[in-house]
């Protein structure tokens, strides 16, 4: 018994540095709509990442152990090239507000230009995650604010461990 | 051999008065992503429609004769109630610009409040349809402008027939 | 012991047809910032209101019985004229999204032109009320959807009573 | 000595009911950029206009007596058809904010579709006119607010005369 | 006779590098609405500031000598932590346009998440300051443009002094 | 036979690193509206340009050999100072979307403040160039994507040559 032919495979690309509860919300929604969803970690996005790509993949996997059609993978290069290699026909993107929208629409048009066979669909996170972005999470953390409720427990735990590590004499 | 269990059914709701090439573009994209897509014509949207609901359904059907997983149907009431009755779990909406985006996001949040099991996904039409809306089509027609290339031939033909009909002595 | 001199009085103007939980959220926030907040019901906003002005005032009052610095009042004419008559120097407005923002900014500039001594301040409702507007509430109700959680219980109860009343033989 | 060949003629279309200081600002800017600018009053825009088309044309003309390359004219039908008949190759539009922008961009794309030889250019009014629209002017007037500084004196004078006229026994 | 109990204290946080006339406008408006307003200079915002934190504090103070309820202070860390330490319950933010709006709304939601007792209120500068930002002021200055009318005289004078200083042999 | 007196000269400023088909579209539209249009390359915009200023000027010139009223030139400093030196009274800017719009409006207001005699006009590229920006072109190229159809052939050819050059041992 195998995967049905023509399974619809979606890619959810991003840096996920760190994975937020907003990402988790979108991934769960995507997992209901498509046969498989690949959470694709861009490996060369930032010079000074908070987590290594391996840590980010581990965090994604531990959050979706119970959701067998969610996978985590690393990629670089064009996301449409990656999607094609994986047999995916859909890119999933979350939309929080207007500035997301403009940028995402521009990227979606460019990706359609690069490969018209791959379609971008936009999904809306739960409203409590409207303001949650990886960038803002990092800013708050840097300033000593609590991020409980905004990221999964595995992210918080690793951050505590990292701090202990760096403050060791 | 029948439809597989757990077929993913999407509803694309609207007035479709008239169906535009922008709608056709979104429906074709949706038809690739979901097992079935129901183009659901809101039956009580306007007091003075251009086309009757039956005409609108006929126009949709003749444009998707070759796409067996596209259906046309009429509905009234809440779209989430209609979707549930049809076994659909997805609402498809097109996004052209910011004003669409704000309204659509508000509607999607309300629909999620009304039935959390039904997910809204947003898709982007080809850029040449960015400015095409049923309302603007009607305005241009009323002022005597050409709508060739913005609506399917069946809409244009029916409009010519209607004009002949109304100008009869 | 009386009200201190120079008490800061705010006006929160609107139709409140009906009062939503989003309005309540903004009023409560305003009540903490200003000495008195007057919820000012525009008496001539709509030809076919859902509730009479008296019903709307009653609904506001019953929701703020425990908040002595919240008052309800009706007004017509320019909101800046009303504010001046009441000794208010602040207009409070809620901001949910971009389309709110544009309209509200335009109104605030016009109000500043009409009376520079009255300042508009914008506040943000809790994110779960982002999609709640009186207009959308009315639409959902008309289509038979549940508005529980979006309006206070007194609004829901009155609506049930109204329906019974109108369906009486 | 006559008009040079290939004079660039621009059309500034609108309802101008009433002409505002924001319109005057844009017309003056346009008059510097193009050889002639025709302020084109849409004759069938509203069922219940504040001023007749003739009054609106008179108001425009009296405000641009000193600017010989500004003309006023009435039109109906498609603005691109009107522009072509007048030998114009440019439509001038004012941009105040985002909601203007979205609507104007959609109209400009539709007009380009209808006649690719006619170009739309957008200009920005002085910032003190950002909030001035004919619709808001009418609202403020109806509510008894002062519109001094927002419209030219001729508009204010005519409005006072109209009020006297309507309140006559 | 001292400050009344429950004085409402507001914080207006920012980099103020340099203080602009747009900032001054918002601070003056805030000073009318709240008992005290603390202009809080973020001390670690930029690696290469135009003015030191001490210069920025001095500039703010000299502009509000006549407004006793305006104070200047430096802070780092989370603004809600700073506000709580100062007994403030309000954050004041200026809104100029859509891009401000999106960012400010996201920050306000995050700050509410971090401390629900501190409320953000948004105010609108006079329209002539819509385009004035510290970043743009710096750009214009760097390119040799005049910033007279956009910043207070003390900022201009210090900049002239700085230029003399740096060009000294 | 010479240029007529009072020729209207426009400046289209930018980095043009690289020139895109979106830029070409706007320049061609501007060339129809104004007597001369100067494509003005900002010489100090980026530390690590893709093309030198001379290469960018050469690319512009080879694309407009057949359009004699289009010129290319380099500039630094304030664009209004440059325009004044060239006798230009118009700045031309392209508008693709909301984020362009906000930034462009802010710049246009600042430029008007710096020199009220120079007017900014906004034009709209063909819709297929909505998503084309120099920044995104560079990103796609870096990731190995095809930019055919988004930039003129001369840009593509030079990029191929550059790659050969850099990969030489």
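Going by the order they are written in, the chains are A, B, C, D, E and F; count residues from 1 in each one.
Just so we're on the same page, contacts are C-beta pairs under 8 Å (C-beta built on N, C-alpha and C of every residue); 3 or more make two chains touch, one makes a residue touch a chain.
Since we're looking at a predicted model, the values are computed, not measured.
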- Which chains are shared contacts of subunit E and subunit F? A, D
- Would you mind telling me which chain pair, D-F or A-F, is linked by more contacting C-beta pairs? D-F
- Among the chains, which has its CA centre at the largest distance from subunit F's? C
- Query: Looking at subunit B with subunit C, do both copies bring the same residues to the contact (over half shared) or different ones?
  - Reply: different
- Task: Compare the contact pairs of E-F with each of A-B, B-F or A-E and report the one sharing over half of them by residue number.
- Result: A-E
- Find the chain most remote from subunit D, comparing centres computed as mean CA coordinates. A
- In whole angstrom, the CA-centroid distance of subunit C from subunit E equals 31
- Message: Distance between subunit D and subunit E based on Cα centroids, please, to the nearest Å.
- Response: 40
- Task: Could you give the separation in Å between the centres of subunit C and subunit D, each centre being the mean of its C-alpha atoms?
- Result: 36
- Any chance you could list the residues of subunit E touching two or more other chains? 98-99, 102, 105, 109, 127, 130-131
- Chain pairs in mutual contact under the definition given at the outset: A-B, A-C, A-E, A-F, B-C, B-D, B-F, C-D, C-E, D-E, D-F, E-F
- Footprint of subunit E on subunit D - complex, ascending: 98, 127-128, 130-131
- Item | Partner subunit F, residues of subunit A touching it in the complex | 76-78, 80-81, 98-99, 102-103, 105-107, 109-110, 113-114
- In their complex, what parts of subunit D are in touch with subunit C? 97-99, 130-131, 133, 136, 140, 143-146, 149-150
- Item | In the complex, subunit B residues that touch subunit A | 4, 8, 29, 32-33, 89-90, 95, 98, 101-102, 105, 108-109, 112, 119-124, 127
